[in-house]
């Protein structure tokens, strides 16, 4: 059974310096509050994994938590670039950032292999692209039946997988619906997992389209209402598109960003 | 968009002699009526695929429709053996039956590879068993990252995949719930697909736990209420456990079976 | 209360399940044992059926691994590929139950064929989920009735790996799981010898003599240094088991 | 009605979509085009977004590929691994839309980096779904604004395969899909030459001169034997497009 913890307790206990950490959520249900708690806890040298690093990863990178980023698309969706990410890659600010880059299909299959207890996954991917030249984590494999050559990627098994969900019951069974992305795979691929939820309820009423992660497959659950803001939790909140736009000028400027960190993360009470 | 056909039209059009045909449904939602229609249509030389061949496969084999069976567990669940299957394997009656045998994990992954457009699937399977010695369709593959050796099985891509579901709308969008087994993979892995449904409705009301197969990914839908009897359709019918027990003495005896075929399949009006 | 040797076997299997563990359940004896455990000492036992039901809580014994009551009472229902790939394969499941037509002295199990594969004396149902249950669950409990035809020196076909035909193959192949740690029968309990992996008598059911077990075993059965006698079923165990069966 | 060159580009992309086909949609221009098509000549167009929504029917333009309105209106919502493995990879999807920072004369697209990968001048978002959209969709439509910085002789980085750096690589690698069959810009339409695969001007937007397109193209642009002029947006197309945008 998952343990019910406060967010700050959970991050303190589950995330260690140098860990491989994945915060997933595909536009929907992004665990932003958990990311901010990682910044507040001043975790360092993390290898951050995420298919679509967006503003919470820009913030983690700008705050100096990350040593490496494993990803497939980094941007502020519908707005533009991630300036903290660019600054780290192009100017090593505040610390150098190593990158390992995949396609979405490659990343998704890395999580699938991780969740499946397999060392690698096979896909029709990366064909004719320059991506395999930049990492040793994209290789080819031959079909033992047809001889055809396909792409192979290694399993991704984070030390800690963090996702946000609509709700959990007191045994830590987690229920999420709407766009469910790669959250199940992230939790199952990770050695430890944390799910932040909008609310903890006595009973999980069935919801069409919902998936349930059994509590015995989750390490910890923390109740963090609004924990995905400015992303959204279907049935609980709407995406705050303005916040995504407002991030752009903050992220562009080191000073404004530093000020934002101070006022919006460090001086904010822990969730 | 899937075409809405009568069951007899659909079988006549979609299933050809010599085809590779999969009827799937894991205890729940077994497309029994479609199997009987294949018998009535006197299809021959089929390669029949199914994880759990049970009484409808016993009937198809006894009726002489099959040349080969690809499977992972053949029995009358909770009752005993499949006597028509045994008679075919042990005494070539009514025709010889070649078999290709896998584990459930192997079969499920063959469908997954088929649905994914990959030539093979990788699994931790068959370790230390005598199964790989009996087929060329279980091989080993080496992880290109760790060097570890794992099992590989080829994709299963039937000519025709047949499943039963609770309902469809008029565009052929199919909805099923409860134990959904390997039905999605079967439909997606097959060149042509037929879904028999309890009812055709104007609108598919969302149901917790339901999956939907879009009509454009399905070839044909046929309305066949009770089409999974003596299996069941959750929300529509209960499993007829007595019928499974009653099958045992019929299946044991060639004459009784032949009589059963005549009265219960051939003389029955097409659905 | 009087009880049958089958009931003793089921009760022994139930007792072996730790509360809070996750158990991959087949139909028949294993399902009865797991459901009995959940209703007695192990209320938080997680029952997983290969049909894709995680955390099923049936109030009667399911009649098949795809019984509707499993889906209706489960914490989650997933596809069959998912149950094998995401749940069984990575080693998340503590205990897998297996049975079969034959088991040999190194715990290998045959559910495929008696006689030659190409010219079978008896064609059995086949592998089902067993090969991967045998290697991916952290440990395997076997429940089978004792007889010389079932407990054989060497199985005709290895459907599920125990410790291998020589007792050493498993250690060489290094699957995730430990393999069959306990074989519970209508006569007693066999466990693999820590060194040779040979199944060895470690416990007797009440009223059973060692000689009876020897006579029902197709190889020269060795005895553990200490052989215990299992407690008979309690009244609660028996009445709970019978109520579960009657409800079906 | 007056219209912008961007509106002409979106309308051209919408017109290229056949009714009843399945379309893998990215955000921005492609989403506008696909939704416009569904509201005009292609009511049965199936919109698929990489967030896992199959058959989404939004009544406004979604603001991201994970906009809640996509899940709420979809025929089915599947996981991200499933959308790539079961739906994109096997070649079920007729048309994939791509755009990018750079496209070269053989239709290769760069969304990764301007300059050297290790020492980038500009670090771009990266690949996303594009590499597999480029090879697994039956054909690819590209929507991009014309400029010499975007339409380059050779891309700095091949994120998504067009016809390869030499125009021949695609035929050697033999992916499922045909590749970029049509590049729709704010000036006109380029299509690959059937022999050389070089992108060639086949149509002009109304009021655009060939010289303008040449000037906006970073390689010596060849002209098809016959160059058509596209019809301007109809009133219906324009008002529908604007209504979709205003609703967002």
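The first chain written gets the first letter, and so on, giving A, B, C and D; residue counts start at 1 in each chain.
Operating definition for what follows: contacts are C-beta pairs under 8 Å (C-beta built on N, C-alpha and C of every residue); 3 or more make two chains touch, one makes a residue touch a chain.
Note that the structure is predicted; figures quoted are calculated from it, not measured.
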Higher-contact pair (C-beta pairs counted), A-D versus B-D: A-D
Centroid distance [mean C-alpha coordinates] between chain C and chain B, Å: 28
Between chain B and chain A, distance of the C-alpha-averaged centres to the nearest whole Å: 39
Per-residue multi-chain contacts in chain B, two or more chains: 117-118, 123-124, 184-185, 209
Where chain D touches two or more other chains, by residue: 85, 89, 136, 176
Contact pairs between chains, per stated definition: A-B, A-C, A-D, B-C, B-D
Residue ranges of chain C in contact with chain B within the complex: 27-28, 50-53, 63-68, 70-72, 77, 79-81, 84-85, 88-89, 108, 112, 117, 120, 122-132, 135-136, 157-161, 164, 169-170, 173, 175-176
Contacting residues of chain A [partner chain D, same complex]: 26-28, 51-52, 71-75, 77-78, 81, 85-86, 89-90, 101-105, 108-109, 111-112, 123-131, 134, 178-182, 184-185, 209, 232, 234, 238-239, 241
Chain B contact footprint on chain D (complex, rising order): 20, 22, 44, 46, 54-55, 75-76, 85-86, 89-92, 136, 176
Complex contact set, residues of chain B against chain A: 117-124, 137, 139-141, 143-146, 148, 150, 152, 154, 206-210
Residue ranges of chain B in contact with chain D within the complex: 1, 115-118, 173, 184-185, 188, 211-217
